[in-house]
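The next part holds the structures, each set out as structure tokens.
Two complexes come next, and they have one chain in common, chain A, joined by chain B in the first and chain C in the second.
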Partner chain A sequence: MKARIVASADVLKIVDLLRARGYEVVAPFCGRGRDSYFDTVTDENRPRVRIHLPNPYYPPKRFVFPHIERLMAVRAQNGDLKMEPTYDERPRAIFGIRSCDVAGLWHLDRFYLGRDFRDIYYEKRRKNLFLVNVVCTDPARDIGEDCFCLCADTGPAARDHFDLQLMDLGGGEFMAVAGTAAGEGLFAEPIFHKGTAAHLERRHAILDAVRKRFKTITSWFSATVRYVSQGTIPDKTWEEIGNRCLECGGCTYVCPACTCFTVSDRQVGPGEVERVRIWDSCALSGFTRMAGGFNPRRAVHDRRNRRFFRKLAYYFIQRELDMACVGCGRCAAVCHGDIGMPSVVEMIRRAEPEPAKK
Partner chain B sequence: METAGNRIVGAYPSMSHPANQGKICVRGWHVHEVASSPDRLTSPLLRHNGHFQPVSWDEALGFVASRLGQIRDQYGPDTVAFLDSPRCSNEEAYLLQKLARTLIGTNNVDHGAGVYGNNSVNVLLDMIGVPASTNSIGELARSAVIIVDGVDLGRQLPTIGGWVIRARLNGARLIVIDSRRHRVAENADIFLQIKPGSESLLYGALAKVIVDRGLMDLPFVKARCEGCEAFLAGVQDYDLLQAAEGCGVPASLIEAAGLAYGRAPSAAILYSTGIEARDEDSIRGLINLALLTGNLGKEGAGVFPLAEHNNLQGVCDMGMLPDRLPGYQAVTDSKARAALEAVWRAKVPAQPGVGAETLFEAGGRKPLKALWLGRYDPVSTAFFGAPDQVLDRCELVVVQHLFMTDTTDYADVVLPTTAFGEERVTYTSTERRIQIAERVIAPPSGPMPAWEQLTRLARALGAQWNYQSSAEVMQEIGEVIPFYSGASHDNLTRDYGRQWPCTTDRPLGTAMLFADGELERPFKFVPLARPARPFGNPEDFPFTLVFGRSLYYWHQNALIRHSETLKREYRLLLLDYPEGFVEINPDDARRLDIRDGGRIRLTTPSGSLVSTARVTSEVRTGTAFVPYFVRQLKPELLGAMGQSRSLVPVRVEKEGA
Partner chain C sequence: MNPPDTENIYLPKLAVLDRVVDDIPEVKTFYWRFEDPAAQAAFQHFRPGQFAQISLFGVGEFPASLPPSPTEKETFFTIRQVGSCTAALHELKPGRKFAVRGPYGNGFPMENYQGMNLVFVAGGIGLIPLRSCIVYALEHRAKYGRIQVFYGAKSPGELMYLSDLRAWEKSAGMECHLTVDRAGNSWRGHVGVVGSLFKKPGVEVPVDNTIAFVCGPPVMFRFVIKDLLALGFQETRIVSTLERYMKCGVGKCGHCCIGVAYICVDGPVFTYEQIKKLGEDI
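Then we have the complex of A and B:
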């Protein structure tokens, strides 16, 4: 991987370079209070793009997997049905995506593109996506109460799956690391300069220091993965977790690694139907209900245990090469009953495990 | 709101909002599907030869104005009524009641939840002078004890349910009073699963425990309350053991709950204003308890009458009540009327109007000729009366809505409104927070904001209404309702809304009522005679039949039906039990040999019917719960007993054994 140095005063010029190359650039902005959000950069809002700010709560996964999207229109035509798929192929760049969310996108890639069936709607968006990752280095602004990327091994600096990575070295300089040829292609621009060994040392020193600034530094994932995979977690613990779930679905909607969706057709005009894809959630009881009325996960704790089984069981880790949790902490913030990932891992760790099933 | 082009394509909460902190419910996560639904109405519709035809706004409003005028002149103003949904904005509700009162000359105004909510308004006004939550939702994090009475927070108000569960995790003691075992009840320290209808007996017994153990807050009672002597005398009639028998819960649990509440440095009581079986005495009972222990005017304490609709509080504040003007003054109060007449420059009728429940009585007393329904769909959501028959007899039915509904079948005119996110209006939440909903996209061409429709209609009726924006309407609301006087749109946008009283002197609003100790009038105890027996079932009819509304409310909702995810979730029970169902407890089911999904016969002293059993441990033993939407069940079972009672003695048997 190649690295360059860029002056702080020039770092937002990367947004301009990408826009000039025809990308729709989405970048983080500050909202009210401690809110932040991703939005499309325009000439008007360009000066308000921020590098250091709380990671937006509504995750950037929607740029490859929207909250709601039209898949196709179906029209009655000459006694036949005409189907017109809707693809989004616009070149898009996410500027300022955090390392946890980069890992989340990689997880979506494994799910949607990693096996025999490739999801064409996802693929068209993804192959035109350029990622500018920003390393979380400012403990006050970048790192939230609930962040635990250290435990999930996704941050604070992503190791791969980005096109370009930016890290604030202090002293008016950023380090830019290219992760792909497309990223490296930007280094021809005059704002990038060669770095020195001292820059590399600063990078290591900053990362060492930042790693100590996380509030949640242990999550005992390994024990939990083992208990979940072996099925030795007492029912009582799952019931306790289930009783605190109010079935809002929020944890799945904000999760950068959650992939589930439902598909529905709706009438949009005379003789015309649109097929939409909508985020779905394993928290909802309609999610697993069979057409005949049988619901294998009728009880709420059965649905909750499904979530953690899906994210942590060895079977899925083997298939997707990683846990389906990237340590962003959003599920902890969104949950009414405090059963986000860190709390659940803690509850499972403390529970008296049942003897392993043979 | 997430927008792309001019479409709302996503919704997510603000982490910084004081009441939800980024935690919302499944309805919130899917609100964008409703606004973007392809089924939205796009043009005013006028019925012509039995069929709707799209017409221009001028034609539609002109027709409504001329027909309303004719009916008013021919049959009298009180043959016209205006009902709206507790989801309407403040501006819309305010203009609707103003139009009814000044241009038609009737106080026949009400909102769809008035049937269950208005007794709570009356009791609160009488006893503490303010018909709203006394404290803020966020204070629950600092309550030592929380009582949740008769509300399934998990299903109905998850945001508040979350505050309660998290408070419990952080050390608060949670007491749940309910005949149903719901999600929050599973988290309770003390769960009083009482017999339906025995709440006021329970509150009397809790007061007795507090008095007997000397846990009263005497300084508070002496300094700030009146009527305590008579109340205390009445409390002596209660007996813990008798109450335990009457309520069907162990005396030790009642005692433990009384001690926990009485000893808490600060304790909050949450109850639902939307409960079918909730009588006024049970509300009086819980307020008495809060007064007795000084749990008003301090942090983490208070009484929370929870509104289950986004703007139930607001439409009541705006005077969408048949007997109360904006700001809760009685319509019979001539001084209050005179003050309003000065602002409105029009007469206000002195005779209280008729509410929705009476209007929809089958074969109602006074003939209704014209009915205006603002986003209200009584045909599918009113569990009382016979709205379809009443609508059928009206000469003019006007419906404002986003979509066609079951009610529009009876409409002569349908007026399409703008949706959440398409207009800038205000709503008032259950913690008195007046909030502005910003316009994030332009409405589709066709629909018009409801406040603008009303303004144009008023002009067509000859009034000089000149509101150019919803902000101007809010300005006038501030002139009319003293506790909204500081709530201009400008002020509301500066933060996450303001909690009323928000006055020109206190523009930042008021998080907690009664904090400064200065009262316009003392709080009032109301003595409650001990109910002889809360609910005595004859031997032949050992079960109590409860007609429930709240839990199954949502699936009939016109908004839910236009979200794919919500439609799926809220239809599940109907898919599993297509002909409706009667819920009974597994213990009762085992004893009676009734299986889930099996046939079940209910017999009351006046009728009998067969339905499908839904066996669930959520209901208490000895009760049979019938959701309200199983509409035909009610007349069959109640027959001559009338529809007024929600608790009925019943016999439950297996059918076709």
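Then we have the complex of A and C:
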């Protein structure tokens, strides 16, 4: 991987470079208070793009997997039906995506593009996506109370799956690391300079220091994965977790690695319907309800069990090559019942395991 | 076979409804074909036990078992009216269009069962997915040992494919045992749950070298499994096909996941041994 140095004053010029290359650039902005969000960069809001800010609760997942996405339009004409699938292939760049969310996208890649079937809607959005990862280095602004990427082994600096990675070295300089040929292509621009061994040392020193600044590093994932996979977690523990679930679905809507959706047809004009897919959540009671009303997974703790089983069971890790949790901490931040991933891992760890079931 | 991966996996193909035949109350059989003969020819290679997704635009899409055998010329679905999509299909007039995609799922590995006896145990509309296997086995009659069908329904009027069953029994060398939970005045056959047929005088269920296909409502499933295990069946020799709410049929939407398995891509056919290890109740 090649690296270059770019001055802090020039770092947002990368946004301009990408826009000049025809990308729709999405970048993080600050709202009021803790609030932050990703939005498309325009000439008007360009000066307000931020590098250091709390990671937005609404993950950038929606640029490859929108919360509502049209799959096809169907028109009825003289008894005939015409189906027209619609795709979004526009070149898009996400500037300032955090390492946890990069890992989230990589998880979605394996889920939607791996296995027996490829999801063409995801594929078309994903293939023209350019990722500019920003390493979380500022403990006051970047790293939140609930962040635990260290435990999920996704951060603070992503090792792969970005096009360009930016890291604030302090002293008015950023290090830019190219992860792909497209990222390296940017290095021809005059804002990038060659670095020295001293820069590399500063990078290592900062990463070492950042690792110590995380507030939550006690997630015992490996033990939890083992308990979940072996089915040794007492039903009582699942029930305790279930009792605290308000069934709002918030955890799944902010999760950068959740993949479930439902499909719905809706009327959009005379003789015309569109088929859309919408994010769905295993926390909601209708998720498994079948026509006629029978619901095989009725109890709330069954559904909570489901979410953590799906994310942590060895079987799924084997299938997707990684657990479906990237340590962003969003579920912990949004959950009113305090059963985000770190709390659940803690509850499972403290539970007295039952003897292994056959 | 499953479609190649470059296609749009969510895009169905247009189909025309040819005719509708009443089966039992609330259940009808819909004969249909793809508009495009090439799509029809490609679809015809499905395996018994696979399923397809049926689209009624403006209402939605739902999964349905394929009751015909790939050896039959016509394609059809047998559908009970339970929700809004099935109601829309029940209202569809012959000649009108809808859309189908598939076939999906693993299906029954009928080739692996060659040389074995086949015992089919079905309850209610559970006979629909098994019909495919029965017809397939009868079509390749010489390759299989004894073939028995044990079939039960709530009342005599709710026994499905009755004329088919009678015809196969007469012509094709298969035993058929019927039962109902509640008999009317005209019913002269057996009364009781399906499992009680195994002990009916004159019935002898082969256990060695036999595959048992079980499909029906969850209660029936539990009791039949108990009966079969008591008869001496191994867990790997009992196969069933599971059902779940599904949106995509291709392992993406997440709705049909039971424990460690996606019903749509890992199933819907599982052995009882696999079902026990799913890690969640079926």
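Throughout what follows, the second predicted complex is superposed on the first by the 356 of 358 C-alpha atoms of A that agree within 3 Å, B and C clash if a C-alpha of one lies under 4 Å from a C-alpha of the other, contacts with A are read in each partner's own complex, and residues count from 1 in each chain.
The rule we apply is simple: contacts are C-beta pairs under 8 Å (C-beta built on N, C-alpha and C of every residue); 3 or more make two chains touch, one makes a residue touch a chain.
This structure is a prediction, so every number in the text was calculated from the model and none was measured.
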* Asked: Clash or fit: how do chain B and chain C relate after the overlay on chain A?
  -> fit
* **Which superposed partner A:331 touches (first chain B, second chain C, both, neither)** => neither
* To do: For A:280, select first, second, both or neither according to whether it touches chain B, chain C, the two together, or no partner.
  => both
* To do: Go through the superposed model and pick first if A:68 touches only chain B, second if only chain C, both, or neither.
  => first
* Taking the superposition as given, does A:289 touch the first partner, chain B, the second, chain C, both, or neither? -> both
* Inter-centroid angle chain B-chain A-chain C after superposition on A [Cα, multiple of 10°] -> 80
* **Contacts of A:262 with chain B and chain C, given as first, second, both or neither** => both
* To do: Scan A:166 for contacts with chain B and chain C and give back first, second, both or neither.
  => neither
* Taking the superposition as given, does A:57 touch the first partner, chain B, the second, chain C, both, or neither? -> first
* Looking at the overlay, what does A:243 touch: chain B (first), chain C (second), both, or neither? -> first
* Asked: How far apart, in whole Å, are the nearest Cα atoms of chain B and chain C in the superposition?
  -> 8
* **Shared chain A surface residues [contacts with chain B and with chain C]** => 262, 264, 267, 280, 289
* **chain A-touching residues of chain B, taken from the complex the two chains share** => 2, 9-17, 21-26, 28-29, 32-33, 36-39, 153-154, 158-159, 161-162, 165-166, 169, 183, 186-187, 496, 564-565, 568-569, 572, 575-576
* Would you tell me which residues of chain A are touching chain C in their complex? => 71-72, 74, 76, 79-81, 83, 85, 111-112, 115-121, 231, 259-265, 267, 273, 275, 277, 280, 282, 287-292, 296-297, 302, 306, 309-310, 313, 315-316
* Asked: Touching chain A in the complex: which residues of chain C?
  -> 2, 5-12, 14, 57-62, 82-86, 96-97, 99, 243-245, 247-248, 250-255, 257-260, 265, 279-282
* **List of chain A residues in touch with chain B within their complex** => 31-35, 54, 57-58, 62, 66-68, 243-250, 253-254, 262, 264, 266-269, 274, 276, 278, 280, 284-286, 289, 293, 300, 333-338
